[in-house]
Amino acid sequence: MPVLFELQDACFEYDGIPALRGLSLEIAQGERVALLGANGSGKSTLLRILDALHFASKGSVSFDGQRLTPELFQRDDYALAFRRRVALVFQNPDVQLFNPTVFDEVAFGPLQLQWPKETILSKVAEAMELMGVTHLRDRPPYRLSGGEKKRVALASVLVLDPDVLLLDEPTATLDPRSQSQVVDLIQEWKGSSKTVITATHQLEIVEDIADRVFVLEEGRVAATGIPPEILPNYELLLRANLVHAHRHSHGSVIHSHPHLHSHSKHEH
Amino acid sequence: MKRGFLESTFVGFARVVTRAMISEETARRRGLLQALDPRVRVVGLFSLVLAVTLSRKISVVVALLTVAVAIAILSRVSLFVLVKRVWLVVLGFTAVIAVPAIFVTPGDPVATFGFLTITEQGLRTAAMLILRVETAVTFTTLLILCTPWTHVLKALRAFRLPKEAIAMLAMTHRYVFLLVETASQMLESRRSRTVGILKPAAQRRMAARTAGVLLSKSIELSNEVYLAMQSRGFRGDIQILSDFRLDAWDYLGLTAFLLAGGLAVWMGR
Amino acid sequence: MHIPDGYLSPSTCAVLYAAAATGWYSALKRLKRMLLTRVVPLISVFAAFSFVVMMFNLPLPGGTTGHALGVTIATIVLGPSGGILAISIALVIQALFFGDGGISTLGANCFNMAIIGSLVAYGSYRMIAAGSSITSRRRVVSAAIAGYLAVNAAALVAAIEFGIQPMLFHDARGTPLYAPYPLSIAIPAMMIGHLTFAGLAEAVITAGVVAYLQAADPALLLSTSGLAGGESLTLRPASGSLRRLWIAVAALMLLTPLGILAAGTAWGEWSPSQLAKTGVVKVQVSKSANHPSPAAVPAGLQKLATLWTAPFPAYAPSFVRSRAFGYLLSAMFAVGFLLAASLFLHRFLPRRGRTEYSG
């Protein structure tokens, strides 16, 4: 499969504070990739760089062989084509849902891409149906539950039928049932031509959602590999602040064991 | 009185949010206004508000008020809600302003109490003011109660407002509720952390800090929203989709509104 | 301070809508030029923020509570164009959705609170804080003063709008058709509430937020600081669209007294020869003896004041011919004239540098 994203020594700063410090990676079309990292590791920034919302200050970022630069995105034709092909689901649903109703939200992308009205209406209906939010059509976002918001957010990007899905912590803030729904959705894309890049710190879903993992630490790729290689590597995960050691005592005996952030049950 | 502003603002916030929900229920009922195209509702009701302002005779304003009540009944708006939430409230603060005019306006005296004289002109002007305000507010409230907010906004396009204006109104409305919630949470968490009632100076500081934090969050939110908009193809030209279609009833309704308004203006000139 | 429907005549509403529209148009154009596509999310969220701030019920020194307007914070962070738009949007939402302020008076409310408020806030803040560092105490104080002045300026303009209603718009029997109180009552009545509560509330919250930002996020204060490095969210001296706004304001202030004069002659039994006779003028002045006369008034001003009120027919309500009203109109005319003069001068004199502020 052809390489879709190629980053070489990419650097980016927010107001002088470095977020990416020379990050390099390659992602091929059709891959399902997980970006593992703690807060501050740069994974959200990386997603935004991949979505061309920010541009690297140093190094290069390429999509489908083309270097992504601000100048390139001043061209309407390229920008609109890119926006359709690459979609980002933000971590905070309130940021993603900025339209007055669910229908308006899902229709926003097609409207900006200037699809004809009839096409918009039918595609929006399809996307809402797909994500099971048709009954929420006229609902304003502040009257949606967390899970509903996430489904609407997904509908609003899926309506464009993107080739690349960038998901920023898709299961954060969700109840367990909604979480598993999202995971199921990502699993469905396995084997399709869609490229899915998920940023998360929840280790327990990684195996389900990714065939390859990048571990991010301080704006760089600390390690890369397949889930069976990465997940048991306790030292690596500890260093990347994805797990923490937990100490507690039973009487006079002190136990120390690795603890996933999900605080699942542990053995004694 | 010294319950502390925290509680009272909190209550105020909650009231805002709940009130928003009540409107949507009335909008779903099947009544006169609900059956008309939102643009007809907006243009029609606003032209009646204009008629209220243009009329110079009390009798005409009363007639318009009757029309408003009739529309309310036909649109299945609860008169109880109208009286309680609108008329009494408006009467409350308008009376405060209007009543002194009874004594102060020079003209033909009607009654005298010591040094206070009630004039006929005073009575008429007070009545006129109260009636005007009540009627105008009734029309506006009917529009809002019977129309989902988003339809109101899109209908405003009928007035040729720039797209950015509509987009800003829509987005502001959408984020008011988020910010109200955020502010409530901030105040609530501070409330639970403080013991007893804070002194006014401390309350002021807390208000300022809450506002300050809210401001920073707001700016950050707007930056993130901007990125989200760009991510979905926004390039600066807002596109708005509205699938309103006018049918025969709409034209009839519009004509009725404009005729009523025109008649009122002509008769009240 | 939100004026409901029915308090202002249609013509007043129309004039103020026109004035407000000029302000909106200029502000939007300016913001689009500077912020390009970021205008919509930034102004929207800020309008929502102002909306929430307006709801705070602040305890004030002295044991009372009051509501702030939020216009000063908006102006200090976003600059006057941003302030104008953000507050206007908040006002539209309040009027439509919460019945706070009327539809016919929306233009008036936006003109008073959003436009006058923002411009006065900006002007006084820049002037008083001039040159001081971002984190200096002087900025906090100037923010407070700017807030106080802005709210009171807005209230004063609203009061004037109220106060001229009974004189201009009444039926044949003398019944005021809209706001029933003359300037002599409207102005004190409006101003008392704002000089004390609302002005203080605005001052308090503005100062508090500026102080908070100085510690937490000083960059937000940069754009209106007039200091080097400030992002150009703000006013450049005598820039095209805002100057046009000032011209509009000046015109309004110049023409209103003249308009009133004209209105007075419309239904007055007034003849030029009568006016020329200062005898007639003096008689009318003495007739308003029930109104307190200021201590020492220059003769010229006295004459000028009575010029406005003289043409009104004898059967017009006496408050119309009060001296106070005459002074006020003169003041308005004078301010309008000064404004026009300064705009004129600024146009034709060489500019002195970036941080010069005109008007």
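Per-chain numbering from 1; labels A, B and C assigned in written order.
Convention: contacts are C-beta pairs under 8 Å (C-beta built on N, C-alpha and C of every residue); 3 or more make two chains touch, one makes a residue touch a chain.
The structure presented is a predicted model; accordingly, all values stated were derived computationally and were not measured.
Chain-level centrality, scored on Cα centres against the all-protein Cα centre, points to B. Among the chain pairings, B-C comes first (most C-beta pairs in contact). Measuring from the averaged C-alpha position of chain A to that of chain C gives a distance of 50 Å. Note on chain placement: the centre of chain B and the centre of chain C lie 23 Å apart, centres being C-alpha means.
Rounded to a whole number, the gap between the C-alpha centres of chain A and chain B is 41 angstrom. Multi-chain contact residues of chain C (touching two or more other chains) are listed as 41.
Of all residues in chain A, those touching 2 or more other chains are 98, listed in ascending order. Residue numbers of chain B whose C-beta contacts span two or more other chains: 149, 170-171, 173, 175, 178, 221, 225, 229-230, 234-235. Only residues 48, 51, 53, 76, 79-80, 83-84, 87-88, 90, 92, 94-96, 98-101, 104, 107-109, 111-114, 117, 120-121, 138, 140-143, 156-157, 160 of chain A touch chain B when the two sit together in their complex. For chain B in complex with chain A, the touching residues are 21, 148-150, 153, 170-171, 173-175, 177-178, 181, 221, 224-225, 227-235, 239-241, 243.
Of all residues in chain B, only 4-5, 8-9, 12-13, 16, 19-20, 46, 49-50, 52-54, 56, 86, 90, 94, 98, 100-101, 104-108, 120-122, 124-126, 128-129, 131-133, 135-137, 140-141, 143-144, 149, 152, 162, 164-165, 167-173, 175-176, 178-180, 183, 200-201, 203-205, 207-216, 218-219, 221-223, 225-226, 229-230, 234-236, 238 touch chain C in the complex they form.
Taken together, the chain C residues at the contact with chain B in this complex read 4-7, 9-10, 13, 24, 28, 32, 36-49, 51-53, 55-61, 63, 65, 73, 77, 85, 89-90, 92-93, 95-99, 102-104, 166, 171, 173-181, 185, 204-205, 207-209, 211-213, 216-217, 220, 317-319.
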